[in-house]
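Dropping a structure here in structure tokens format, bear with me for questions.
Which chain is which? They are A, B, C and D, in the order written, and residues in each are numbered from 1.
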Amino acid sequence: MFLCLPHGNAMTNLDRYRTLSSRLIDLSGDFRLNDAEAFETWYQTPHTCPERLEDFVYGIPEINRDRIAGADLVTGAGCNATATILALRPLFRRGLVTQAVVEVKAGSSEGGNSASAASHHPERSGAVRSYKPTGHRHVAEMLQELGADANIHFSATSIEMVRGILATCHVFLGAELTEKDVWKLYREDYDGEPFVRIVKERSGIYRYPEPKLLSGTNFCDIGFEKDAGSNRLVVMSAIDNLMKGAAGQAVQAFNVMHGFDERTALGFAGLHPI
Amino acid sequence: MFLCLPHGNAMTNLDRYRTLSSRLIDLSGDFRLNDAEAFETWYQTPHTCPERLEDFVYGIPEINRDRIAGADLVTGAGCNATATILALRPLFRRGLVTQAVVEVKAGSSEGGNSASAASHHPERSGAVRSYKPTGHRHVAEMLQELGADANIHFSATSIEMVRGILATCHVFLGAELTEKDVWKLYREDYDGEPFVRIVKERSGIYRYPEPKLLSGTNFCDIGFEKDAGSNRLVVMSAIDNLMKGAAGQAVQAFNVMHGFDERTALGFAGLHPI
Amino acid sequence: MFLCLPHGNAMTNLDRYRTLSSRLIDLSGDFRLNDAEAFETWYQTPHTCPERLEDFVYGIPEINRDRIAGADLVTGAGCNATATILALRPLFRRGLVTQAVVEVKAGSSEGGNSASAASHHPERSGAVRSYKPTGHRHVAEMLQELGADANIHFSATSIEMVRGILATCHVFLGAELTEKDVWKLYREDYDGEPFVRIVKERSGIYRYPEPKLLSGTNFCDIGFEKDAGSNRLVVMSAIDNLMKGAAGQAVQAFNVMHGFDERTALGFAGLHPI
Amino acid sequence: MFLCLPHGNAMTNLDRYRTLSSRLIDLSGDFRLNDAEAFETWYQTPHTCPERLEDFVYGIPEINRDRIAGADLVTGAGCNATATILALRPLFRRGLVTQAVVEVKAGSSEGGNSASAASHHPERSGAVRSYKPTGHRHVAEMLQELGADANIHFSATSIEMVRGILATCHVFLGAELTEKDVWKLYREDYDGEPFVRIVKERSGIYRYPEPKLLSGTNFCDIGFEKDAGSNRLVVMSAIDNLMKGAAGQAVQAFNVMHGFDERTALGFAGLHPI
């Protein structure tokens, strides 16, 4: 069963929901962090069900597939966290990163489905709005999945878009890597993944990942470019925040939990132009 | 003094506002119609100050300049009404129209500055929404200014835009008129008007009026095209609904009331591209 | 075989294409009109293969299903023509219309995939551009399918949108019809149609058809509202011009020609929000 | 005289233009760098008039006002360079920066006024496109004005917007600075500047700079936020790339050169909403 509830609800009523279904996927932020102290730091409220935190598996199948397959409790991942973690994990887990600066460009659907003064169309239309230059909660998920000592810095900017995220990740490498080396690492990690694609073209309009091409799909497209004059590698990742960043990824995790083909109900290839 | 209040406030408190200023320009709909019965029909509520209705002058300077110059009480005009009346008056007042069908394309700022489910960016973005196919209140103003027997039919559609109105008016003529004849009529009526421009080019991108070019300006641009195979004349007019359709026109009326140069504080020529 | 070629190519090379496939669906305008004289009038060039014009079936399955099922040669229908014909046919074929004025709001993909000064993003973005106030070629298709004596008047306006058409049709009725009567007529004609939906809600944001909800789908959504004070009925229809207005409808016709389930390869239900 | 010519023209024909006017402001990239070698590195073509490079003053009045006042030859500054330099100069010139990562979000007008496949509306609309993750030419200007050893890393992303730039600058500080300290530095440098504003609000929708509010104006709005958990300071700057990033700043420099009030012909305060 999917729990699509406001933040705070799942941790308060977990036992009740468990009586309804033995397997739960919670889409809120309640169980994303497995550490109660970290939760309190980032969410600025104590966790009301800390004894269950360790039971939840963080629901990005590309990094936790085996654990999800055997789990009864799975938590969805934050949309910004998903885009960032998938973009950077091949580098972080090999100890290649000395520092990363991540800039997410996000659409208005990330703000949820409740109207507000800031989401009023005349005010939100055309916005390029720094809504979280520092202190974004999803950083906690990144630190959990990329390493507690990950030197990662994150900002988010709202732009004119409904669905979609582009994460531009400026990675400072601790080792000499050519673009060919980078290709190799990403291929090693993502070869065979049904929802991760490496996008890096020499010419044409779409040389790098673009979220609008992914609207309605569960893909995470990843591209990169090495700075010729420094140790900076720019890694770009794009997702539809309502799919791979939320419901789509939850369906993917559901498929893994139940032993279904992971692509079940996720076959849409996107629209172009859109 | 300008009254920028929610509908219903001015008619309830008029006497009080009059003690504050001998000259008032009301931007609400309260005093646009000079007939109490018509008000009740279109606003579906009785007028609470019917004795003052006749004292207000309808504030489109291009048609009521002399009366505005001598008035103490002026009412603003509806944005859709302004665009339509300026587009069609040269034809209606000469008795040339047998029927008119007017389709307004409007931006989100026309809906006011309060957030709602319909104005929530993920829902409003990209909308092409028939919000008033029939029964729009501004029709009452059109009938008042174009003639009670004007055979006019109106619809409004919200599109992806913040500021701006394009009125496409399908006019069925009762007389044979060439485009040259039409030019002549419009020149007669609008020659020397500082805020009305005839836009009709044979080539280029901007052959007809476009609201985005008028953002922030007080212009009403008018163009037309005669259908070669019928008696239909398509007249297009564009305004910025927050300027010529509201505050800008009120400032223009204010200038007329006070004997100032009509263009005072209205000199902005617009941005391109925008 | 689908012919997706520039206008003029199919009529020049038809015999060659026929040797490649016994069944052809031509997406250009070459064979949409079955009368060579009408073609020359609207396309301003003589038809180079007039002897074949009568062999082509006009490819809107909702009106020509049986003929398409038995045809070797099918022509696609214009996008504006499709939206208009599906909206108005139930009324015209019953002789209920004295006059119709149709205003289409169209996206930039309708202009094709070649870049031009007018399609340059800084110029096209935010446009509300009267690109064909009179004389649009698709009118010829409407007259052919709705009746040569159909009193129909058409204009098209480009708006900020990539995919999509909303046709607002102001229909002046020759008979007294209530909204309930209109419901009945449309249900009679479209009941069981897999790609036509009647959209008419009393409340909510989406009370009438909206093209953005149809992006990527083959649906034609139709709604209507009767003017309380006149004989005007406003009929609104929305399609994705690249689907029901082009390739999608061609696939639908292909399915009919070959006896496949008409919905084959057309199952996408659309994205919301988008 | 302003030279608004394609890149390469001014350096080829400079002598001819000098005979037309003793004072020139060149808006191309030809004379922005005062070093011929740097020019060849970043523009990948030799400079054809290297003997004049040192005669040009880099035309950002806020940093070179005195030199511009006495100059005959002034060069405009790149739009991305202007936004970045104004954002970071107070920190760099005090030696406070160990590293800076700058992410610019840019509108379609930055690409110039020639149509291309990439600027075709159906392809450009809604884009979030990494058009220069590394190697952007404007970096050369940043290095020249912020210090040859400035440790600065730059990427640019095209978003859905016509006019405007938002530069998000992630600055890693070499000293402990509170937000109050930062306020003080920026006030010291920009107090009295007519076109630089510090924007940093505790609440409301517009807490940080936003380019859409600056459309048509010559302002550069700057805001900042200190990361509570690290030495990162996020500095955000917004301009209209066609004004403060191009023609507007050139007019400002022209005013300085001629001893006019610097704000002459630059008084527009912007539109809201837009």
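The rule is simple: contacts are C-beta pairs under 8 Å (C-beta built on N, C-alpha and C of every residue); 3 or more make two chains touch, one makes a residue touch a chain.
If you're wondering where the values come from, they're calculated on a predicted model, not measured in any experiment.
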Of all chains, the one whose CA centroid lies most distant from that of subunit C is D
Which of A-C and B-C has more C-beta contact pairs: B-C
Rounded to the nearest Å, the gap between Cα centres of subunit A and subunit C is 41
Where the centres are mean C-alpha positions, what is the separation of subunit C from subunit D, in Å? 48
How many angstrom lie between the centres of subunit B and subunit C, each centre taken as the mean Cα position? 33
For subunit D, write out the residues touching at least two other chains, lowest number first. 109, 117, 122, 125-126, 162, 273-274
Quick one: which bits of subunit B touch subunit A in the complex? Just the residue numbers, please. 107-109, 113-117, 119-122, 124-126, 162
Going by the contact rule set out above, which residues of subunit C touch subunit B in the complex? 101, 103, 105, 117-118, 122-123, 125-130, 133-135, 153, 155, 157, 159-161, 164, 166, 168, 170, 205, 207-212, 223, 225-230, 232, 234, 236, 238, 273-274
List of subunit D residues in touch with subunit B within their complex: 109, 162-163, 215-216, 268, 271, 273-274
